[in-house]
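The following pair of complexes shares a single chain, chain A, combined with chain B in the former and chain C in the latter.
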Partner chain A sequence: MFGLFKKKSEDFLPVLKGKVVSIEEVPDVVFSQKMLGDGFAIEPENGIVVAPVDGVIAQIFPTNHAFGIVTDSGLEILVHIGIDTVDLKGQGFERFVEVDQKVKAGTPIIKFDLAFVRANAKSVMTPVVVTNKEKVKSMHVNYGVNPEIAATVEINN
Partner chain B sequence: MVEAIVKSKNGIHARPASMIADISSKYQGEINLYKGDKKYNGKSIMSIMSMGLQEAEQVKIEAIGDQSEQMELKIKEIIDHIID
Partner chain C sequence: MIHAFFSTLQVAGYEIHLNRIEKVTEEGETVVGKIGISEVARGYYHAIGGKENIVEVDSCITRLRLTLKDASIVDEAACKRLGAAGLIKPNNKNVQIVVGTHAELIAEEIKKFK
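And then the complex of A and B:
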């Protein structure tokens, strides 16, 4: 019954201020070859990472460098701040929310020190990917600087 | 059911989770991972990452279907050995 009201598509906010670029440009094959799923990446201009969609926080790594969010429509989304940032052991990252918390699109989730991460990690490029590929019917990405909506995903029900 | 111990100093983060889910997704049966009594879906990257597995933690691996033991050992191999 509730299935009747399930969304057929989800709009993704860009999660950070900056430029939306192709997932294939991310300097890590696990992302660029879409091993974790399809999506997009942000070249950030600031360090406040917000929820891309309404959903429940499924996981925040102890190091606060990545989080997972699950939508009511069933999309499982990973936001990964920078590349090889797991090695920073949490330095330069701070969380605003906890696991299992319900959040709205645009809610700040993690703050990070952009200059520090830029100086100490492989890249600050931040991929946003849907990890349950079978739910994605199609994805349209709006490339460029600070688009209102970074991507729209049509959902397989 | 077999047991594995997380080798990676970074725990089971995005990359190892994707490797486990990738192998598991090719299996026709069910793959369950257990941390304590809590069960997780071995075919879902998000489910595996939500386990929050850290270095030296114990995981139980259960495959249900044909050649389940080989499958369990393949996943154990990743968890026991991946150092990244």
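And then the complex of A and C:
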């Protein structure tokens, strides 16, 4: 990695099949009020969560309902499957990768039982947030059903 | 430019003087970077009332999820100085402190002080 070419922007794949909606619609003030940063959310149709970008898995919560991924370009991204899903204590969630693993955009990270989570958690809506706000020059989200690219983030270097 | 200047930490008397912490950014990670997880956790431990007030400490990936005897005594200003992005109080016994993605580590440290 020569670091000669710093990426100016990152395209985010939708982490799930479904509808990309505004993060302000997430039924949790931490996300809807952008306390940790800006992003978008997905109303999922399926239960296979994929990496939105190329990067390294920075953390996976022990209950497998949320993970963090860091890109070479320096974006720190949080994906949180459903709302208040930590209360499910891991039931219905399964991880495919481990911390420090390098992944490509589209790599399956976590599988979850959509019907079970829908029935037992506050919401299945899944926010994707860039948590290091100072790196985000701008974010453009493509709202709607199954866009090829969910969002493009321009990066402050 | 990120400028955080951490002054006196008085453990005796269980008081923390977060004098002259100036955070130009809102990042909890900045404070953690400057003084470390253990000191940040100690700060939260006192801000939430210490072992007399703590019933249970849990976390999600971005927040401390606390069950307290009395949530009204939580020092919100101190939490903000420690880098919390916000506090959520669903009722008088529960508080969530949005500390950022070090939440699990901070929770584990707080449990050691109990």
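Definition applied: the second predicted complex is superposed on the first by the 154 of 157 C-alpha atoms of A that agree within 3 Å, B and C clash if a C-alpha of one lies under 4 Å from a C-alpha of the other, contacts with A are read in each partner's own complex, and residues count from 1 in each chain.
Keep this in mind: a residue touches a chain if its C-beta (ideal position, glycine included) is under 8 Å from a C-beta of that chain, and two chains touch if they have at least 3 such contacts.
Because the structure is predicted, anything quoted here is derived from the model rather than measured.
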Item to complete: Applying the touch criterion given at the start, work out whether A:33 contacts chain B, chain C, both or neither, answering first, second, both or neither.
Response: second
Worksheet item: With the two structures laid over each other on chain A, which partner does A:70 touch: chain B (first), chain C (second), both, or neither?
Response: first
Discussion item. For A:149, using the defined touch cut-off, is the partner it touches chain B, chain C, both, or neither? Pick first, second, both or neither.
Written reply: neither
Item to complete: Considering only the touch criterion stated at the top, classify A:21 as touching first (chain B), second (chain C), both, or neither.
Response: neither
Discussion item. Contacts for A:48 in the overlay, against chain B (first) and chain C (second): which applies, first, second, both or neither?
Written reply: neither
Worksheet item: With the two structures laid over each other on chain A, which partner does A:97 touch: chain B (first), chain C (second), both, or neither?
Response: neither
Worksheet item: Looking at the overlay, what does A:132 touch: chain B (first), chain C (second), both, or neither?
Response: both
Item to complete: Under the contact definition given at the top, report the residues of chain A touching chain B in one complex and chain C in the other.
Response: 30, 35-36, 58-59, 61-62, 66, 68, 76, 78, 80, 86, 131-132
Worksheet item: Contact residues on chain A for chain B in the complex?
Response: 30, 35-37, 58-59, 61-63, 66, 68, 70, 76, 78, 80, 86-87, 99, 131-132
Worksheet item: Hey, which residues of chain B end up touching chain A in the complex?
Response: 10-11, 13-15, 18, 21-22, 44-46, 49-50, 52, 54
Worksheet item: Along chain A, where are the residues that touch chain C in the complex?
Response: 29-30, 33, 35-36, 58-59, 61-62, 66-68, 76, 78, 80, 86, 131-134
Discussion item. Touching residues of chain C toward chain A in the complex: what are they?
Written reply: 25-27, 29, 58-63, 65, 85-86, 88, 96, 98, 100-101, 104
